[in-house]
Structures are given as C-alpha cells and as structure tokens.
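As written, the chain order gives the labels A, B, C and D, with residue 1 at the start of each chain.
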Amino acid sequence: MDFQLTDEQRALKSGMRELLEARFDRDALRAAVERPALDRALWRALGEAGFFALRLPEREGGVGLGLPEAALLFEEAGRALLPGPLVATHLAARDVPGAASGETVVTRVDGGLVAWLDEADLVQGDARDATSMRSLDPLTPLHRIHAPHADALPEAVLLTAAEQLGSAACTTELAVQHARQRAQFGRPVGSFQAVKHLCADMLVRTEVARAAVYAAAVTGDRDEIAGAKLLADEAAVRCARDCLQVHGGMGFTWEADVHLHLKRAWVRAEQWQSAEQAAEALAAAL
Amino acid sequence: MDLTYTEEEEAFRAGLRDWLALALPELPPRPVPSDWPGRRAYDTTWQRMLYDAGYAGLHWPEAAGGRGATPTQHLIFLEEAEKAGAPYVGANFVGLLHAGPTIAAEGTPEQRARWLPPVLRGDEIWCQGFSEPDAGSDLAALRTRAVRDGDDYVVTGSKIWTSHAEVADWCELLVRTEPISESVPKHRGITWLAMPMDAPGITVRPLRTLAGSAEFAEVFLDEVRVPVTYRVGAENDGWRVTMVTLSFERGTAFVGEVVACRRTLAELAAAARANGRWDDDGLRRQLGRLNAEFTALWRLTQWNVSESGREGGVPGVGGSVFKLRYSHARQELYDTAARVLGPDALDLDRDWTLDRLSSLSYTIAAGTSQIQRNIVAERILGLPKGR
Amino acid sequence: MDFQLTDEQRALKSGMRELLEARFDRDALRAAVERPALDRALWRALGEAGFFALRLPEREGGVGLGLPEAALLFEEAGRALLPGPLVATHLAARDVPGAASGETVVTRVDGGLVAWLDEADLVQGDARDATSMRSLDPLTPLHRIHAPHADALPEAVLLTAAEQLGSAACTTELAVQHARQRAQFGRPVGSFQAVKHLCADMLVRTEVARAAVYAAAVTGDRDEIAGAKLLADEAAVRCARDCLQVHGGMGFTWEADVHLHLKRAWVRAEQWQSAEQAAEALAAAL
Amino acid sequence: MDLTYTEEEEAFRAGLRDWLALALPELPPRPVPSDWPGRRAYDTTWQRMLYDAGYAGLHWPEAAGGRGATPTQHLIFLEEAEKAGAPYVGANFVGLLHAGPTIAAEGTPEQRARWLPPVLRGDEIWCQGFSEPDAGSDLAALRTRAVRDGDDYVVTGSKIWTSHAEVADWCELLVRTEPISESVPKHRGITWLAMPMDAPGITVRPLRTLAGSAEFAEVFLDEVRVPVTYRVGAENDGWRVTMVTLSFERGTAFVGEVVACRRTLAELAAAARANGRWDDDGLRRQLGRLNAEFTALWRLTQWNVSESGREGGVPGVGGSVFKLRYSHARQELYDTAARVLGPDALDLDRDWTLDRLSSLSYTIAAGTSQIQRNIVAERILGLPKGR
C-alpha cells in the first residue's frame, strides 16, 4: 500500500497543467466565456497529448494507462475550467472513430441534460426531444432532455468528480491568494481568524475529496465512486462559495473567475449522478 | 406584546390598499433591466404617483416634507406595496433612503429646500459614492481626495458599487479632505458632498456582476469641481454625518423582501407538489423549515420595528442580527429552489435562477457577515475588540 | 401593533426570575442534579406565585393572564433549568384539583415518553405499558411508552419552546461571560474572532427563536407554534453545543452547567412535537 | 497510487489475524469503567500478551526495543485489532504513544533502559501531566513550577485532564523551570520530567465529565521531589522535547476509531431498517452521506500513513486536516444515531448514547477545532499570523 502519486503520475499531472497553461491561459478562458464555442485546435492538442486515448491499450494507439491517471488529468481540466464534453469524448475514445485523437467531439445524453449538443460531432443516446436552455454556466451550453434518468456510468461519475476536485483546489488557492494580498483595516484580510478559518475549512474539504476521488479511481468500486462524487460536488460548490465570500465584493464581479467555478460546479453536481442519487446508492450499500 | 393593528393603522392600510388597486394599473409596463433611462422614468413615475397620493416620504419627518409616519405605518406601507406587486424604490433608493434623510438631518435649510422636494416628487435621483476598490469592509480607509480651491472642492479618485450612476442627477459622495496620519485617524478627515453627476471629469463605467447584468458601475473622478456649498455637515465630519442616517430605516429595510420570500416559498411548495419532488421527505421538511424561518424573520421585523418606535432602541444593531440570519436564509431559500427544480435550476430563463445568483451577494453587500458578527459580538454582547 | 413586552410583562418576567434566584439557586440546582426528586415546597411556591394558575380566569382563582405571559414564565423556568413536569401541571390547572396551587403534581403521556412518572401524583394518558429508562438528562426522569404518538397539544408545544428559548438565552450568556473572563494567549478568548463569531451566531439564533416564540404565543396559531418549537429546539441545542465549545475543556466537566442545558434541550426537542413533526406540519401549511 | 498491500504486508496481516483469533479468547472479561485497578490489570495483561507475541512497540524503533514496523504495518495492526474486537491501548496509551517515544527519541541510554522495557512488557503505565486549568489551548502558558534543590526538582502546581492518574506508575510532566519574562518567551523555560506517582505530595482527584464518568483526574502537586536524573532533555528545552513526539503516530492516531465508526454506521443502518426509519428519505440519504464520509476518512488515513512513510512529510499538520473533519463527522454520526433511535436516544443504557456524549469532546480535546484551523491556515496555507 502506497497511496501517494508515483513519480510518473506526478509528471503526467504537471505535464497536463503545463499544456493547459500554454494552450488555455486566462485570456483563452475569458474569450471562451464570452463566446462559448469549442476550440477545435485545442481539442486536437488534447488528443495528441493522449487526454482522450489515455486508457486505450497501446496496441490500439492508446497510452495504456488507467482510471487513476485519467482522474489526475481531469482534475487539471477542472482546475483550468477547460470547457467541452471532455468526459463523454474520453469515454467514447474506443468506440467512436476520431474521438481518441480529438478530431471527433462526442457528447452524451446524461439523464435530464446534454451538454454541447450543437457543437458536438456525435451524440450518444436519444437526444431527439432535447430542448435548448440558456445555460447558467457560460462555459457549458446545455439542452434539457425530458427522459427518465439512465443509470450512472461509474467512469463518467468518477471523472466528473475529479473535475470538481480540481475546481475545489483552485478556488481554495484563489481564496488564499486573495486573503494574503488584500488588505483591509491595515492588514491582510487573511490575518483575521474569520477569513483564516474559512480558508482552512476549504482546504479540509478539498483534501477529503481528494482522498475519496483518488481512492475511487484506484479501486473503481461503484459505491466508492458515488461517495467520491458526493464529496467532490460538496467541495467544489462550497469552496467556490467560500472563495466568493473571502473575495467580498470583488468576487461578485463577472471579471473574477470565482463565479465560473461555482456555476460549473453546480452544473457538474447535476451531471451523471446527483448528490441525492449518490447518497441513495451509498445508503443501499450499507 | 400586541400583534394586532390599531384602528388608525387598519384605516391606513385600507386606504393604501384602495389606492394601490387604482394606481397600479396606471403604471406603464416595466422596462427591461438593461434600459437605464427606461428604469429611471418608470421609477420616477411611480414616485410621482406616490407623491400626488401623499405617500411620498412616508417615513420622513414632516419638517423635511415627509408624512412623519410611525415605523408601523411604514411597515404596513412596505408590506401592502409588496403584496400588491407595486415597484420598490428602484432608482429613488439613495435619494429616499440615504441621501435624503442625511440632508434632512444634517443639511442647512437651504440645502433641504434645494434637494429634498425633487426627491419626494421623483424629479431627481441620487446615487451613492461611498465604496472604493480598496475600501470595502474598511470603508473609512477611502482615498478619494478633495482639495479646497476657492469656493470649490476638486475631487479625484474612484468609487465602486454605484447603482444608477448612469442616470443619477446627484451623487452622495464621501471624500477625504484630510490625509490619514498619526494625529488624524481614518474616520476623521472624511467629508460628505453632493456631487452633480453632469460635472466635467466624471466617467461612469458599468460593472458587470456574476449574474451577467450591470446593476452597478464604477465612477471615476478626475478633478471634478464640487461647490463648497454642496457640502453637508462640517468639513472632516462626514463619517458622523453618514452614520447618523444608518439607523433611519428603523428595522424596515427588508420588509418587502421578506414578504416576497414568503410568496416565493409558497410558489416553491406548489412547484414541488406539481413535479413530484414533494414526496421527498427531506425536501418537504426543508420547505417546512423555511416556512418557520421566514415566519420568524417576519416576526423579527415586527419586533425591530416596534423597538425602533421606542426611545433608546439601537435599530442599527438589531439590524445586524436580522441581516445575518436573513442573508443566510435567503441563500438557503434559493438553494432549496434549485433542489425543487433539479436540472431546470441550470436554466437562466427559469424563475429563481437569477435570484439564486443574486442571493450570493447578501452575505457580502452592505457589510459582510463577518463584519456583522463583529458588530453583534462587540456592540451587543460587549466582547472585547482585538483579534 | 407593538410587539414589545409591556411594563406588566416585564415585571412578571423579572418577578419570576427573582423567585427562581431565591428558591432555586445554583446549590439547589446541583442538589437536584445529584438527587432528582421534586422539591414539593418549591412546587407550592410556584403555585402560590401563580405559575400554574396563570391562565385561569380570576373568578376561578386564577391570574387571568394569557399564553404570552405563560411563555415568559416558562422562558425563565427554562433559563433556570427548573425541573419537573411544569408544562403538564400548568395545562392541568383547570381540570385537576390541586394542580393550580402546586399541591398536585401532574404529568402527561407525550407520545413515546412520559417524564416524572414516579414522582407525579397524577398521570394523564395511558401509561400502563411504561418502561423505565435511565434518562440522559439528570434533571428529567423518563419512562418510555410504546404507543402511537398522539397529536401535539399546541399549548404544550409552545410552552416547551419557551423553555428552550430560555435555555438558549442562558447558554449564550454563559458563553459570553466565559469568553470575557477566560484568558489564553495573553488575552480574553472572546477577543479572538473565532470565539466572538460563535457567540454572535448564538445570539442571532436566540433572538430569532425569541421572535418566533413570542409571536406564536400572541397569535396562538398552530402552525406558528410548530415553527417556534422548531427554531427554539435548534437554538437550545446548538447554543448549548457552541457554549460547550467556547468553554473548551471546562465545559466538558460535570461541574459546568452547560451539559445540563444540552441534555435538557435534547429531551425537550423530543417532547410534544419533534423537529420532524413540526417541519411536516409547516410543510403541509404551505 | 497503490491501495493493494504487498505480499509481506498481507503475510503480516494473516499472521496477526491468526494470533488475534487465538489470543483474544484468552483475555479475561472487560472490567467496568469505574474499576481502575481492574482496567489497569486488563490493559497491562493485553500489553503483556502483545509483548510475548512480538507485537509490542510495533511502531517503535528497534533501538528502543520496538519492531520498527512500517507505518503501513502499524495501520494494518490497528485495523485488524479493531476488527477483531481487541482492546485498544487503554492504560498503556501515554507510555506507548507519547512518553515512551519521547524517551526513545530524547532520553539517555540509561533512561531508555530504565523506562522503555516496562512499558513494552506492560509492567508500568504512564499518565500525562501537561494541561493546567489556566493552560489549555495555550499549553505553553503552564505555570506548575519546578525549583532545583540539590539533586531534585521540587514541583508545585496542578494538572488537569490526566487519564489513569489513579493507577499510573509514572507521569510525564511539563513544568516551568524559568519564569516567563521579557527575555524568556513562554515556550522556553519548560522542562520535561518523569515523575513517580508514588512520590509524596501528589494528590489525585477524579474529574467527572459530562458523560457522568470520571475518565480524567486533576493532579495536585505540593512540593513533590523529582530527581534531576528523571529529566529528559535539557532544562528549559521541554517544549521542543515534547513536540518531537507529536508527529510520531504518523497518521495512525485514529485508525481504530475510523474502523469502529464504519461498523457503527452499518449497525445504524440495520437499526433503521428494523425500526422503519429507513423509509425516511432524508435520514436514509444522511446515512448514505456518512458512508461516503467515513470511507473518505479511511482513505485519508491511508493517504496520511503513506505520506508519513516518505521523507519530508509533515504528518502533524496532515493530522490537523484529518482531525478537523473527523471530529465533526463523529459528532454527525452520533447525531444521526439519535435520529434513528428517536426517544430511545435519551436512554443512557442504549447503544450510542454515551458515545454521543463523548463525541462532544472531539472538537475540543487535543487541540480545539479553532486551534486546528489556525494550524492549517498558518502552517499549510501560509496565511499570516496575527488576529
């Protein structure tokens, strides 16, 4: 038992972070917010980097890695607020030609929702009765499907939880940065216990979610994945809200990134397995 | 403890209801949020209708042109107006609820005569220039400078979170007339000015919020000349001048909102009954809990209003207790709405989605919950200042 | 509308506080904790002071006051941790001879529980299958009744809520006192924001419950009473817990009174109308 | 990230399981909580059994007479022992987990030879004299004085929250050997002493907790003579000496408890299914949520244990993250138990009622949650000290 990242896993994760910093910097993010279209070149770059083919065997042109490694990459994607139907395309890498390379953008009907329907090249599931909605999240165009909710795909649930984890880690860092730099009453706001303790609770939520997500990725256990989603949803939503509180008025502006994390976290919390569905599954497992 | 209303209060309520029933159909259609001139026209039209009917400045003292109504009458007014679907103060907010009362309390007779009647008639509207990018919770750290030059102050700096700046005639402005130093603590050296918004040197830049709209603006001031005669109160006494008015609302600040929240809660219950979520024990009980919560907040409002009608009450502090709980309850209400809606809560065109976003500001705006807790702990409970 | 205590109400309340300070001081409280028997002389003194006869008309020998005044007295009883089946005896004042004067101690079967069964002179309701239990609360002997839960008596619910309010107000004061006096790291612990904010939240909870309880007493509305109970239960339990947290280790001792408040608050939260029953009633009223 | 155990680890687990299956039936019946001599005998018997089987001091370095096991083996040991229903350290707590490791790290060869073997064999037990009535969160403010007199320290003062004081042979004692002054900050001037509990001048008074039992005692010291040779580390260096050991548990402090909580949770679910409360959507989901919570806490334990096995880890700080969450989760668990039980939760003879009471100490003991948040914020997040 050594429940720590291997050197290879660390390298993979930091490689993904560097790729995103280079190809999806803050200007690109804010441009995507104002014009939510998929950056196809970035998508192909992700494909080249193995983001979609990560778990395909090497003999099928894949990278031959597993769910833990995929979780690390999706954590980075979540941290960077990378838009697009990343989970659906990743899951389709084996079956849909071009998905692995990032040529084909795949989305998937997920119970009551389908994301990026207009931009995707292919939709999995029955989206005939999809009706467009004005999405709360500027980075995720949504359609509403009035179909019964399908069974959660464990891998989709887990990778979404990993994105939530990345978002929670990011808003925690944003809050801490702000608390260090912003001065009021002649000192950094982070020196006030009220702010300090908000930040401490953010870290605790994030690290508990991290342990849950990483472990669920390693075991692949359906119940453990449900637990990881539940805790990562909570962490992403609550950390974004606390981050907003720490930022005060500045956090309430469109210019601050915190609302993008909160809205995205709200969307992901509804995707693949909601908190209530996860809690029911976890209760049944007791 | 009497929760029944007196005959006079009931008569006031009946007269008001009759008038609202007649007046509201006369109002033009509500403009879209982005149409600032339309909003100004709509809000001032409504203010003029109130004025003509004798309801303008209900809670203002009679000497200031108001009706000198009791806090209870004001409560009734706000309750009935909200229930009838009447507009709230809108663009008249600062004029009616802050700048006007400040001038009424601290202005000269000439200043009162110049500025108060147009506010009551809906002829002029005011905006507020208090917060600055580096002076939020720590408002007294404000740095916008005013330098005396003959009969004018020359003002340079910037303000943020100013509503209605695009269409306001006047801005109640806090400026620094004495730099902070060893001998001048930050609360000294602040002066209150009425700045005409058409003065040269003013630039207004809309400030988009996370709800996507531009309800606020930043106001940049580059050597704006404000006549000394537009100063209310003494030079360097602006902090006290401003604080005098903060207790003016006498517990009524959120009356309309609490009434509206109770209506929203009933709508949520109806929606849950309609979409089947009502069968969820946990969610149903949460709706029940919110029923208790908002009923209590309504009673706490009545409590604060009654207390403010007595002498010696400290309504500003009772307001902190109320605001701490209310801001949290309001967020809980809209989070519960999202549970009722499920995936539809992600649709900006559904009811409650934008309200959910705007509810996020309640624990921040007008004093964060952290600041409010300091106030409660230090001023009510007498805990020591310090860390 | 003047939702403030009248001068008469203030006098009544402070009179009750003085009576309890004189007849049930801290020594009496701690003695009662170690030996949970009813103090019959105190009970008669309460009777003489009109505690039980408060709402009987004057022509029946009562005080002729109403539910609001009763709520104020029960608030004081809750603050003082006064033991005994106060609510049941108060409610029985009209129908049970001697109850009004404090000669007869009356208890009442309340759904799954009956308090003070062995000490009471009379029990209302069917207590035949009552089984004794070792009560969590040293100040409230309990029996368990395995009968279906009866409908809540609104007046019992309200007066119990008033006791909870008194307890919440008391633990808030205890916490504030301790925070002012206890020094750590060279200053009063109440000067630390974390402690300060705990205390502020305690006051908020108490004052919201106060508004709810007083208003429900005035209107007598069944739903409003349910709401008052729900909020007063929350306030009493959470304030006791926060009081314990503010006290640190000292709060964890048997000698500190805070545990008596917490245990009593837990008992009262189960009595007459639980939080879940109240929430259901309040939902049905929407 | 590997959650499977190596062959060696599995072999260790298998051997342990076999031994536990044979050893546990040999144990005498568990004494009642108020029987201190019985508890001492029971706990030391168990320790002797562990010693004879080679499991004593599993995580102690071999130089100190331990087995020098890896953190993972220690984790496995604690997990399996709890699952098998074996006793936890009990009266051996301070000796095995604090005083012993402190002596192992900081003691002289003679001190190690004198004190360590009896701890491992269960011949001697230790208690802890750190906290004082006025030095709780602020432990370094302790005031118990030790004055050098020839070859002895003469110690006067009082200690609180001392477990097993009635039956301990030794007390690890922190005393002040240098008064706090301008030039001596409070963390200096503290010295670590081993005090024989049979020395004249020691009075032990049981301290009743809110759970009704006397798990702790107050220890009053009136000119107690402690030989200088019983000092571990240098005079005035006791704070550092003590802190060295705090990281010694390497993330394993709550292993048994987390295992036990998961078992309790399963029992709660069974109880709810039996009494019908399972049909309550809200309560059932809460049980599900706690399943996620304690599974994650188990994984976090494995994470911390793995990290402590690497160099450069800061297990004490990772422990703060864990403790903040765990203490809250434990309280939530027993609050949920009360919801499952309904009125039966008021019965002291029912399962979980005393556990619910004792869970209240978790956010206070061994560093309040407020102190833990300071640690996390300042040491992990790098936020500034101050207010």
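Definition applied: a contact is a pair of C-beta atoms (placed from the backbone, for glycine too) under 8 Å apart; a residue touches a chain by one contact, two chains touch by 3 or more.
For clarity, every value in this text was computed on a predicted model and none was experimentally measured.
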item	value
Taking each chain's C-alpha mean as its centre, the one farthest from subunit A	C
Cα-centroid distance, subunit A relative to subunit C, in whole angstrom	49
Rounded Å distance, subunit A centre to subunit D centre (Cα mean)	38
CA centroid of subunit A to CA centroid of subunit B, Å	38
Junction residues of subunit C, two or more chains touched	192-195, 197, 276
Subunit D residues counted as touching two or more neighbouring chains	280, 285, 370, 373, 386-387
Touch-based graph of the chains, sorted into line, ring, star, complete or other	complete
Residues on subunit C engaged by subunit B in the complex (per definition of touch)	1-6, 9, 68, 176, 179-180, 187-188, 190-193, 195-197, 199-201, 203-204, 207-212, 214-215, 217-219, 223-224, 226-228, 230-231, 276, 278-286
Touching residues on subunit D, where the partner in the complex is subunit B	280-283, 285, 386-387
Of subunit D, residues touching subunit C in the complex	131, 133-134, 136-138, 141, 160-161, 207-210, 212, 280, 338, 342-349, 353, 357, 360-361, 363-365, 368-370, 373, 387
Parts of subunit C lying in touch with subunit A, wherever the complex brings them together	192-194, 197
Sites on subunit B touched by subunit C in the complex	1-6, 9, 72, 75, 265-266, 269, 284-289, 291-293, 295-297, 299-300, 302-303, 305-307, 309-310, 321, 324-325, 370, 372-374, 376-378, 380-387
